[in-house]
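So that we are looking at the same thing, I have put the structure below in structure tokens.
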């Protein structure tokens, strides 16, 4: 608290790291994950192939832990701390930014819980060998399905707002106009992920493969 | 060597400048203010600050600035120090510029200057239409820097009650009340600089802030510090009427081309913008072709009163005239006048870029004030200095627009080093003063508080204040008539008696604003009498002081400074000659070039 | 017009920091262009509640009454704003008036906003001049910089941006948007820029810019329309460059 501080506070680095990990690698992994799982929209076989490819990447454990689990754990864990320190006042000040602020906190919590459970059921219990059939089987449980939908929507929303926040908080969108554009970009990201995510769920649930016609042989 | 100690009372422009100068010389300062200093009344100054930098190639000089100031003040100011101020003004602008004030700029990156009242030159540097705020912040920031370095100690919720004066008549410190704990304490200092601003509150409603009560000046008067030229009160021609405050519409609106007019037809019913040019009466431009809308404030104010009360041409028969900036491009308005136009828009819900503003004169500035010696801001009591609006010496009988900010900074800048020099010259400082001197003063002030808190009266201080304001505004502002002034003084004395029977509806001892207001009110009443009696005695018209029964300036009898003294608990007026060593008085008229 | 029309005002009273809070209701005579300050003055002149009980005048801060001194910020109908520019005719009744909640209470509607001034000290919100003696003109400043800087220097330290910020609360010591914006202002000035890195370091200290979570309430609540979110973004950009890339030289 002295007037001669010269070094940033550790909380500065933690917050920046939190913001950064949200996008990279967590956001990027989410994109990859949705992309891989979209294979289900082609066919069950295609899905299983892609899944198999991913399960056989070299240094798999290191990549999983270093590039996915640990960053996610940090982003989520520190996020909970941030959630606890904020005090939403959206009822008194119902401005759009304030709604997003509040929603970002709660979707973060939901997404964190969902991802933890999702990892447990689809990665841990299956020893990383889930197939189209096992997932489709899980989806028959309506509770399971509902949680999937909520989790996917919360994650997508959280990423979309996160993109907006990232661009503002790193000063990449500095003017009011740029921040509006960043907001629109965030909305596109959030909506795109939501739509793709729901389509993938529908694919598993309804055994629906809209891109099956890509397969010519 | 003994380390001297200085106290500054008041954290507006003058007080902060004095503080900076003292701190800079290595002497510790205690700075007292009723409000956090960043909230001082200087923030309300709008239009700009004068300095003859001749940056528009018009041939402006500090000598012309000096002449305009003396002439505008109707030759009542002592001239040598005014001359020094005008000569120092360009350096003051440079200093403020170095402090980072966001002055408006020319395309070359130099300061821009605008025209203001009472001059034909572009001499007014400005930061939008919130120049006072910008200047105050610059000084506030410098003081904060000194504070961070431990040279300045602030008491920002503290009300000055009285000076501590020893048996030899030398000031040894002050007695002040903490406005939260309501605790009365004395603070020792070798010299005290007062920069306590104007006295608008004695007129009830004015353009001044809530803290501008003149209470400190009045308390000092009652302790033997003389008060000069009290009768000279500036009424600003253009303000928005309001029940809590009369909000200033800066002269800069006219400096940027704004025009004052009324419909020629008193029964006019059309919207102002649909009234054709030929049916508008631009009375200032017609009556004062040379200066037009930029005549000095006393002239413009009287012209508006004449239009409204004699010619009966006020808008819709009311006390109001149009101040019109609708012909100025929106972009210019937003760049140069946004601050004031926003005030109009917020408080009246009308966009002055689209609709002419409705304005009327309002009490604005106190030319008179604590008597100082014309050399170094020292009063007649050793150890007491005064600077800024609370003293009297720079503006004579009428202040020119944009000169107040200069006088505050110049006066404060003079007072600081003068106080340090005095403090260092003392063989024995405040620490050598008998503790009984401090105890005595503290006891006196505590007893006053105790009496107010315990007495069972019938009078509400707010009511007395409102009545005081009504009396002063009706009789002691623009037009002064002796029999009315006599009546006003009699009424004020009645209020003075009633104030002895005040009943405070709050008797607690924590952040009790009723108590400090009651204390201020007692002082305000005495100062109101100083203004009224000064006006009553001065049988002439000069600057802002206008008596229809004595319509001319009378240099033979009245080219002199009024000096009010406190003798046996009564106000006594005396007079002293004005130093006119530099410019010989000549008639003051603005309908032609001077 | 409006004869006998009443204004109903509810004020949250608290005799001191540790005293219990209570609400008092007043019925005042309506007048044209009445604002909340006039209501509080009317109560001071006749401190009697609506149900006829005698009470004390209300303690509150005010000074300029034209929204430039920053004194009279309070919660009016639940929203942080300046009392002087809160016109009764534009408010729903009963008008609820409360003290700001993010600053220590002094009494009734008066709070202590010293935190803001201390924060200004922390970030060295000043131009470090050599002295007040005559050193000639200041640096040239382009009209463009002036037009960016002037709005920022209009900050009146009212505290509304802190009051509405969800990140300012008992768990945090976030300095708030106003202070961050001042860092931008002083870093923008040619002389002020000489201490840019110190200011940036300070604003990355505890409670610094990292605590902003982009709710953007500040910019809506600012009575002076200061582009606070732009300031935060601009300072953020400079800050991370210094913190993360500074050691690269």
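In order of appearance the chains are A, B and C, and numbering begins at 1 in each one.
Keep this in mind: contacts are C-beta pairs under 8 Å (C-beta built on N, C-alpha and C of every residue); 3 or more make two chains touch, one makes a residue touch a chain.
Here the structure is a predicted model, which means the values were calculated and not measured.
Asker: Given which chains touch which, is the overall layout a line, a ring, a star, complete, or other?
Answerer: line
Asker: Mind having a look at which chain is the central one, using mean CA positions?
Answerer: Chain nearest the centroid of all protein C-alpha atoms: C.
Asker: As a quick test, compute the distance in whole Å between the mean CA positions of chain B and chain C.
Answerer: 26
Asker: Once you find the CA centre of chain A and the CA centre of chain B, what distance in Å lies between them?
Answerer: The mean C-alpha positions of chain A and chain B differ by 63 Å.
Asker: Using Cα averages as centroids, what's the distance between chain A and chain C in whole Å?
Answerer: 37
Asker: Show the residues in chain A shared as contacts by 2 or more other chains, in ascending order.
Answerer: Residue numbers touching two or more other chains: 3.
Asker: So which stretches of chain B touch two or more other chains?
Answerer: Where chain B meets two or more other chains at a single residue, that happens at 148.
Asker: Taking each residue of chain C in turn, which ones touch at least two of the other chains?
Answerer: In chain C, 121, 124 touch at least two other chains.
Asker: Once bound in the complex, which stretches of chain C touch chain A?
Answerer: Chain C reaches chain A through residues 78-79, 121-122, 124, 164, 166-167, 169, 171-172, 198, 201-202, 204-206, 208-217, 220-221, 227, 229-230, 232-240, 243-244.
Asker: Provide the residue numbers of chain A that touch chain C in the complex, in ascending order.
Answerer: Touch residues, chain A against chain C: 1, 3, 5-9, 11-16, 82, 84-90, 92-93, 95, 97-98, 100-102, 104, 164-165, 168-176, 179.
Asker: Residues of chain B touching chain C in their complex?
Answerer: 17, 20-21, 24, 35-36, 38-41, 43-44, 91, 94-95, 97-100, 102-110, 127-128, 130, 133-134, 137-138, 141-142, 144-145, 147-148, 180, 209-211, 242-245, 247-248, 335, 339, 343, 346-349, 413, 460, 462-463, 466, 505-506, 508, 510-514
Asker: Which positions of chain C touch chain B when the two form their complex?
Answerer: Where chain C meets chain B, its residues are 15-16, 31, 33-35, 37-38, 41, 44-47, 54-57, 59-71, 84-85, 87, 106-108, 110, 113-114, 117, 120-121, 124-129, 131-132, 134-138, 140-143, 146-147, 149-150, 153-154, 156-157, 186, 189, 191-192.
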